[in-house]
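Note that chain A is present in both complexes that follow, paired respectively with chain B and with chain C.
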Partner chain A sequence: MYDKIFRPKKMVLPNGKIVLEKRSKTPLILLVLIISIYYSIQLTNFEISIIKDRWNEFFVIVWEMLPPNWQYTSKLWEALLDTIKMSLLGSGIGALAAIPVAMLASVNIMTNKVIAIASKVLLSLLRTLPTLVSALIATFIFGLGTTAGTVAIFLFTLAYVGKLLYEQIENVDMDAFEAMEAIGMTRIQAFRYAVIPQILPNYLSTSLFCFEGNVRYAAILGYVGAGGIGLILNENLGWRDYSSVGMILLLLVVTVFLIETVSEHFRKKLM
Partner chain B sequence: MIEFIDVHKTYTNEVKALHAINLKIEQGEFVAIIGLSGAGKSTLLRCINRMHDITKGKLIVNNIDVATLKGKEIRRFRRKIGMIFQSFNLVTRTTVLKNVLVSFVPDAPLWRKWTGVFSKQHKFQALTALDKVGILDKAYVRVDQLSGGQQQRVSLARTLAQHPDIILADEPIASLDPVTSKQVMDDLKDINQNMEMTILMNIHHVEVALEYADRIIGVRKGEIVYDGKAADVTQDILDDIYGGKREDMETIEQEEAYV
Partner chain C sequence: MMTLEKQLHNAPKNNRYLLMVTVIILLLFTWSITALNFNNIEQSGMVIASNLVKGLLNPDLDLLFDFTSSGIMYLLMETIAIAFLGTIIGSILAIPLAFLSASSIVPSLVAYIIRLLLIVVRTVPALVYGLMLIRVTGPGPFAGVLTIAFVSIGMLSKLFVDAIEDLDTDVLESMASLGCSTMEKIRYGIIPQLFSMFLSIMIYRFDMNLREASVLGLVGAGGIGAPLIFAMNGYRWTEVGSILIGLVLLILIVELFSNRLRSKLVRG
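This part shows the complex of A and B:
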């Protein structure tokens, strides 16, 4: 189709052989991109002039954050711990729950096609739900506080790890599984002994990676009342107490950095 | 004893894999099943341990009517039937010993089943099985570091640890070189003679089949076209099994001839 509109370039070698070089698609793709960016700017009323006039406001706030309000730290520990607990608990339980759901979703393990497809749809639906929205919904059910945040993170982890896990399970080598069944194992036992050894390193790595991201998500869940440090951040932004905001952000950056470093270290070992 | 009485097997996609199979195999026989690929050899083996269900007829293994078994009974029944495969079907990321230990999982207490921590006695039995096939020194090596021949021996040890009455072997030497093939065949022969296990093997290499097996079963298009002593197999018979000669005369005559 594309070749019919943009005819391939003909090259004739000295000995008379003809090579057809297909036209590059890059210019066309670039054109489409530029057009769509133009229309998005129009649609969102984005104005370059605002950025030009107000970019220094950003530095005004940054300056006000300095120096951070060091005394404030003592009041933050509890909220920070809440945040970490929320993400740790939510990620842990979510990653565990992902195993049975991924088993149900894998067509090579689950012989009932209807259940497999239903589980896949469930995982996709969960994944389309932004964590902030599920946290908001959870606050209606469990009330304001860390439980709601934990539930939101649990759901996201379940969807994320579950999806990656069933894709791996479906790509696993089923030969050993067949041998285990022939030995007289149940399908669940065969899964334990033939499939888990193949997927375990990747599963742990995926779960850790998800946990890293969850610490960051957890920090903002307080915005919808789902507990943790985000709640205090929101308050202080409201009062324009920027030196306290600075302290919160500093603490968050350090925490996230530490957790990511540790988690990365273990993920590298797993690979 | 294994007895097929007018057994048919049709897959869900309407493929007729087995047609009117009648067969009687006594305990301790060494039988080779030969035939073109797609003839139904693997299907025939897998009906014996109920990896596949037959669609018609009767299949009796050690006085058990295989088709009547359900759930847990099937799993208990399979404990007495070992199986080895062309591609070894091992868990390659773990050690040789762990691959043999899986044999004991169905009989282990619940907590051991889940944790994969095995008793000293089971480890002892697994090591003994490895010793029997001559790779005791590889017990703590990861399977993916072994050669094909060694891997097939691991799978043989896994089967031996089960103490089966029957070993079903689906093309066990098809992915091995001639030298290691001979070692594996010698192992099987040894097991057959010294441990009184029935061996039922699908095999591509006719010369190897004739050399090791006592009895040859020729399968063509889901039907048995030869069943007799290995010593009695002639070139004509092989041509018939492999569909070389009398391609068109087909079914009816042969059905009568070999009932």
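This part shows the complex of A and C:
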């Protein structure tokens, strides 16, 4: 299409051969980019002068957070542990539930195409829903508290791990699976002994990675009433008690850092 | 004894290690089950769930195709604009940070300090940035743009660093042997290698930012989040249904499009 409007440049080589050089698409892409930036700026009322005049307002809250309110720590442990519990349980159950769903979604295991496509659509629909939105819906159904948060994290983990898992299952070497089916194993047994050994390290690594991210997500779920440390964070932000907010954030950073370090250690071992 | 069996016996045994890890994980799970509490499921929970499904099945179509400033189409456009500008600003901020935290370019102490800073920046929840930035810009989509920019810095610079450290330095060496100056080396040796990688990372992050931008409305930073939560609190399920359908469709379409673009970029 593009080549028809802007004809490729013709070049004649010394030996008389004609070579066509396609025109660069860079000007078109730049034009589209500039137009979209222009309209985005219009739509969002973006003004660089406001940033120039008022950027120091950003640090007002940062300075108020320092030094953090150390006395507040004793009240935080329970909420922090709640957050960790939520993400642990949600990730664990989600990762386990992802196995059967991924089996149903991969075309080389599931012979029924309709079920495979339906499971894929289900997984991508679940994945598109932002975690905070699913937590919001869960609070309406399961009431306020950690249960709603766990459900939201479960759904996200199921979708994320499920997608990566079925992609791996579809890429495994199927020879062993066929051989086992040929000697009379059922499909489930063949899956257990031929496919699982191939995907297990990657599956565990993905689940751990998802768990890391979930700890960070679980921290904000309290914002919609889904329990954990986010609830306290939200309260203190409302009271403008920023030194307590600073303490919560510090504790969160340390926790996330520790969990990331431990999980990275195990993920490196799995590789 | 058959060779096969011998081989089996020679396999390294780490049963004790595996058993310990399994026991620890199981203990952690049983401990965390206390987070579940089905006692306070309200009686109305099931009613709400069925209302939500009903709302999703017959959404408010007038609202869905409303292009005025309170309609879903406009709000979705606003969400896209927030994510788009936020990704661009975030990338501009992330590129220098990425070069500063690449241990192959700067001294390892500097790299380590910048990395710690990035961990802190990454862990602070988006909603906290939202509240801080509303002080700067006032509520509205402008605050959303800056929030998205801050939220994306952490991941963007981490992925940028990986791309920088994977840089093929042989090219630079051969250019040096040809007598290229430093600027020429950067222009013809480094930028062509990094450009498509960076672009692919930015598109990936744009995808994620769209999701982030859709929940920022909760703190008053524009986008479709605020109308959603108002509609839910007001139990207006047909409205909730149409907002959710619009949001999910938008994210699916953008994801499809960006996956295509990225695979094209990576394959060249």
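Just so it is clear, the second predicted complex is superposed on the first by the 241 of 271 C-alpha atoms of A that agree within 3 Å, B and C clash if a C-alpha of one lies under 4 Å from a C-alpha of the other, contacts with A are read in each partner's own complex, and residues count from 1 in each chain.
The rule is short, and it goes like this: contacts are C-beta pairs under 8 Å (C-beta built on N, C-alpha and C of every residue); 3 or more make two chains touch, one makes a residue touch a chain.
No experiment lies behind these values; they were computed from the predicted model shown.
Student: Scan A:L96 for contacts with chain B and chain C and give back first, second, both or neither.
Tutor: Neither partner.
Student: Who wins on chain A residues touched, chain B or chain C?
Tutor: C
Student: Would you sort A:D175 into first (chain B), second (chain C), both or neither based on which partner it touches?
Tutor: It touches chain B, and chain C stays clear.
Student: Pick one for A:V107: touches chain B only (first), chain C only (second), both, or neither.
Tutor: neither
Student: Using the touch definition from the top, say if A:A194 reaches chain B (first), chain C (second), both or neither.
Tutor: It touches chain B, and chain C stays clear.
Student: Can A:L204 be said to touch chain B (first), chain C (second), both, or neither?
Tutor: Touch partners of A:L204: none, neither chain B nor chain C.
Student: Output check: A:I183 vs chain B and chain C. Expected answer is one of first, second, both, neither. What do you get?
Tutor: first
Student: Is A:I84 touching the first partner chain B, the second partner chain C, both, or neither of them?
Tutor: Only chain C; A:I84 stays clear of chain B.
Student: What is the shared patch of chain A, the residues that chain B and chain C both contact?
Tutor: none
Student: List the residues on chain A that touch chain C in their complex, please.
Tutor: 36-37, 39-41, 43-47, 50-51, 54-55, 57-58, 60-62, 82, 84-86, 88-89, 92, 124-125, 128-130, 132-133, 136-137, 140-147, 149-150, 216, 219-220, 223-224, 227, 230, 233-234, 237, 245, 249, 252-253, 256-257, 260
Student: Once bound in the complex, which stretches of chain C touch chain A?
Tutor: Residue list for chain C touching chain A: 28-29, 31-38, 40-42, 45-46, 48-49, 52, 77-78, 80-82, 84-85, 88, 119-120, 122-128, 131-133, 135-137, 140-142, 144-146, 211-212, 214-215, 218, 222, 225, 228-229, 232, 244, 247-248, 251-252, 255.
Student: Where on chain B does chain A make contact in their complex?
Tutor: 49, 51, 75-79, 81, 83, 85, 87-91, 93-94, 102-103, 105-106, 113-114, 116, 155, 158, 162
Student: Across the complex, what residues on chain A touch chain B?
Tutor: Contacts found on chain A: 175-176, 178-186, 189, 192-194, 197-198.
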